[in-house]
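For reference, the structures are reproduced in the following blocks.
Shared between the two complexes below is chain A, which pairs with chain B and chain C, respectively.
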Partner chain A sequence: MQNIEDLQEQLCRILTPFVPDGLDLQAETDLVADLDLDSMKVMDIVVDVEDHFDISIPLNILPDVRTIGDFVLQLQTLLKEEA
Partner chain B sequence: MEATPTENNLPLRYEGFSSLAEALDYAAQGKTGYNFYNGKGELDVVVPYARLRDQAQDLARRLLGLEVERGARVALVADTHPDFLRFFYACQYAGLIPVPLPASIHLGGHKTYIKQLHRLLINCQASIAVAPPTFIPFLSEAAEGLNLRFVGSSEDFADLPKATDKLKPLEAKELAYLQYTSGSTRFPRGVMITQETVMDNLANIARHGVKGRPNDRCMSWLPFFHDMGLVGLVLAPMASQTSVDYLSTRDFAMRPRLWLKLITQNRSTISFSPPFGFELCVKRLRKDDINKFDLSSWRLAGVGAETIRAEPLMRFADLLAPAGFTKNALVACYGMAECSLAVSFAPVDRGINVDRVNGEHLAESQKALPVKDAHGSDAAIAKSFVICGAPLPGYDVEVRDDHGRKLPDRHCGTLFVRGPSVMSGYFGEQELTQEILSSDGWLNTGDLAYRIADNIVITGRKKDLIIINGRNIWPQDMEYLAEQQPEFRTGDASAFSVSDPNGEDIAVLVIECRETHEAKRNNLVNRLQAEIRTELGIDCFIELVPRNTLPKTTSGKLSRSGARKDFLKRVADGQTQDPFNAVHAETLMKKAV
Partner chain C sequence: MAIFDKFQHLAATRQALADSGIDSIHVVMDNIVSPTEAVANGRNMILAGTNNYLGLTFDPMCIDAACDAARAEGTGTTGSRVANGSYSGHVELERELADFFGFRGVIVFSTGYVANLGMLSTLTNPGDVLLIDSDCHASIYDGCRLSGADIIRFRHNNVDDLEKRLRRLGERSANTLIVVEGIYSMLGDRAPLADIVDLKRRYGAYLLVDEAHSLGVLGDRGRGCAEEAGVIEDVDFIVGTFSKSLGAIGGYCASNHPELDLMRYASRPYVFTASPSPSIVASTRAALKILCSRPDLRSRLWQNAQRLYQRLQELGFVLGPEPSPIVAVRLESKEQALALWLGLLDRGVYVNLVLPPATPDGGCLLRCSVSAGHSREQIDTICEAFESFQSWEQTAQIA
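Moving on, here comes the complex of A and B:
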């Protein structure tokens, strides 16, 4: 199983192209408020995350994802289920 | 598993059904039906109309076992899922009114979605609420504190007892469904459509709109809770015994090429999209995708639901011409939930036709005078509008001026329509209904239009509606979010949209603000922008202005059109930041990084 730090690092790498220049990504970074992500960008990110981890992200987890940390926890659960 | 066939073993019948249940009874005698594909484009569930009818009747008996009165509302979270169809038709057989609820949720949008569902459950006075299993946690939370007879998923219904009474399906004069206009989340309006109303529209769509053919097959990724998705691509195919292939809206938004892949694979002939869908394909398709498609079967690519501009559609047609897409397949349509769905269709096989008019005359005298040489000396003042075709049979159409006088051809005014496909009103909202539907049946569409003989040309949409990335955003929802900030009061904010140089809409919010401290003002703008993104999923340009800047109407209400005009003037005069630079340049910069 992948540990939290690894997952966070991979997720941040995926997020980088979508992020304003020079912004430091932390577990507490709020995806919507801090990263200016509108719904179309969110879809692009979900595609990249699905492709990178080879998983399918159910639509119904998104409403409870606010921060990078939330996203990482959901990813960990999903990867565990896939394994 | 095999998808339902395109060819049917049943004589095609488009007309003469008095209700949706009667139409399904007929379709169930054939081999066609609904097919669902997953996010990889693989066939997931096949529901032939015959099986759907059996399942719907079984569910109808279980619904009746809950002992709610005839005509009670059954709220259905309308995810692209076969259960939605089973329950929608079960209501038809049980004499209950289905109410599709939105299934679109945003990142971090848990609370917002719950509140939206909660308001809709209250507004339609639902007795029963059903969702697919993945949406049950949201639905249950939204139903807390409401006195519903039953909240659950399809799985829960298997345990319910069946009523043994004979089924009495909804009849011609009874409602067929309530359709929430893809509108305001805070001020919902449930359009009431009777069986005879929707059956009229469905027959006209099949016969005169798409001009149905025996080898037709539909493909759709449109949400089931939108009028075009529900009426156009769920009910209309069923009522003409045609097979449909579905991809969920989310899977389309993530991987638009799946739309074209499935059309290629299934030899689909009919598929509709708002302009946004075609534009998304142009943005996302890679060159090497194109030769994987064969779109030569796609005879009718319907375009509607937003203001239609020709250029992006031509880009789509050009890009996909090597894959066999013909630009003559594009058909502009005009309609709205208040008219069941369709008001007019441009003729099939003729492509997009535009009318080029003198923009100066139009702005000054509201007259749409054609320009002779759109590429020559007149080019600078020419404005192009897509012709949305002639109204379907049964409609009376008038363009009226602000005093209610009927205008002649090529005069621009407000479009009014009357006919057998028009709604009975908004559920539980008599006052709202009277505002737009007269006692003699004329519906004020709120859209600006002119006519050229029989043809309707839309020049502007419902005055206040904002459309971003194909989604309808109501200005009052944005204004409400502003007014909820402790710094602002009711009536301090005005929201509207302006289009950027590419014709894309940008949402703008102008707010009267007492705060003068620069850092506090910036903080306020950032906070509000974040909330608007969470609640509505869009970017927004915010301008803070001094008190008493926003214009009011004679009755003391804020005038959004006035606020918009003033705002554009300030931009032009350099008195405020230019949103095209602020919002657009920012996006462009980010993409370039």
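Moving on, here comes the complex of A and C:
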């Protein structure tokens, strides 16, 4: 079972190409407001994250994902279900 | 005012476009001259962004059928078929479409959007899975959301990616509906349906193909991408629209599953939408007859599509991955797309301006759609307008 910090670190690595220069990613970083991601980009990232963790991530989680921390919590739940 | 706050970014975007002299949503066609010509903003325009693939909107048979039906049965049905009953035309159209596809049954919907909404939201529910191509149309995304099923995307036209996701689902693949399009509306490329059918068989999933842009365009009999790929009998559900090749408005779902008819009782978008008007049903039936009896229209459509694609490619424009009646010109920046769109409008050519997030990969598109109704001269004029922009852009850069 991966802990929250590990999951966040892995997620941040996936998000790296979308991070504006000088921005330090935190659990509170807002995907839309801080990273300027539109809905299509967020869905593309979900596909990348699925492949990284080799799990299915339904788009249905997205209304509950505003920040990196929210995303990590959803990931933790999904990984627990798959285990 | 609070409920309107979320629209402020749209207001800002619209204002920025208006300041550049662009309001693509409010181009008014003052006079529609033919399937391929209009007078817009006071000037003659070649229409190259209509989806009017067979050019049937002015066909005399279709127009006469619509007028006769309106005179005989009135202008509208004023309610849904569940409440107000079916008109004989609805039933006849469904029978004719079922015969055309060689399927057991068809349900007609009032628009193509409602067809996707009605089928996807009803076929799948919480606990089921929808596996959708990432480039699917908004109506598919909206239908999926309404279903409550788990929505999983796979990378566009990537069969390996689809298989990876099916494998991950394990036993849930039996409760999975794969959703793809025959020809994709933005880039004009077609789905690798033979491979997708192979996967759906191996994993025991279901397959829905939206043939909105491929009806009348692909296949020996114009039945779409599934016919062209030789797998039409393996597709569980074919969804489509009357608003493109058939020149009217409306949608349908065709299937061999006997349970299709139960959707009429369970599909809220079907139950609670007024049924198509008699004139629409009549012109659609006439257009379907023409689609079946005039394969020359399909040939002319493809000649025009090939010509436009080849010429624009020769001019150095970056296009969608394959020739098709949708010729998508890819541009590097929003500014470039807006300038070219305006430049074409100035030269009397109307195409669709498509900006992110409506585009597949965050790029900007000028989307041309070709018609069998375009003359060779009109295709050449469209190409010349694109060509003149190149020199105009160069001139502007030098200045």
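Operating definition for what follows: the second predicted complex is superposed on the first by the 83 of 83 C-alpha atoms of A that agree within 3 Å, B and C clash if a C-alpha of one lies under 4 Å from a C-alpha of the other, contacts with A are read in each partner's own complex, and residues count from 1 in each chain.
In the analysis below, contacts are C-beta pairs under 8 Å (C-beta built on N, C-alpha and C of every residue); 3 or more make two chains touch, one makes a residue touch a chain.
Being a predicted model, the structure only gives us computed values, none of them experimental.
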**OP:** Could you tell me if A:Leu59 is touching chain B, chain C, both of them or neither one (first, second, both, neither)?
**Re:** both
- Task: Kindly classify A:Met43 by the partners it touches after superposition: chain B alone (first), chain C alone (second), both, or neither?
- Result: both
| query | Just chain B (first), just chain C (second), both, or neither: which does A:Gly22 touch? | reply | neither
TODO: Considering only touches as defined above, state whether A:Val32 meets chain B (first), chain C (second), both or neither.
DONE: first
- Task: For A:Asp51, select first, second, both or neither according to whether it touches chain B, chain C, the two together, or no partner.
- Result: second
Of the two partners chain B and chain C, more of chain A gets touched by chain B
Overlap of chain B and chain C contacts on chain A, residues 38-40, 43, 46-47, 50, 56, 58-60
Counting only contacts in the complex, chain A reaches chain B at residues 17-18, 20-21, 30-34, 36-40, 42-43, 46-47, 50, 56, 58-60, 62-66
Per the touch rule, the chain C residues reaching chain A in their complex are 129, 134, 150-155, 164-165, 168-169, 356-357, 359-360, 362
The answer for chain B against chain A in the complex is residues 39, 105-110, 113, 134-135, 137-138, 250, 253-255, 469, 471, 526, 529-530, 533-534, 537-539, 590, 593
In their shared complex, chain C is touched by residues of chain A numbered 38-41, 43-44, 46-47, 50-51, 54-60
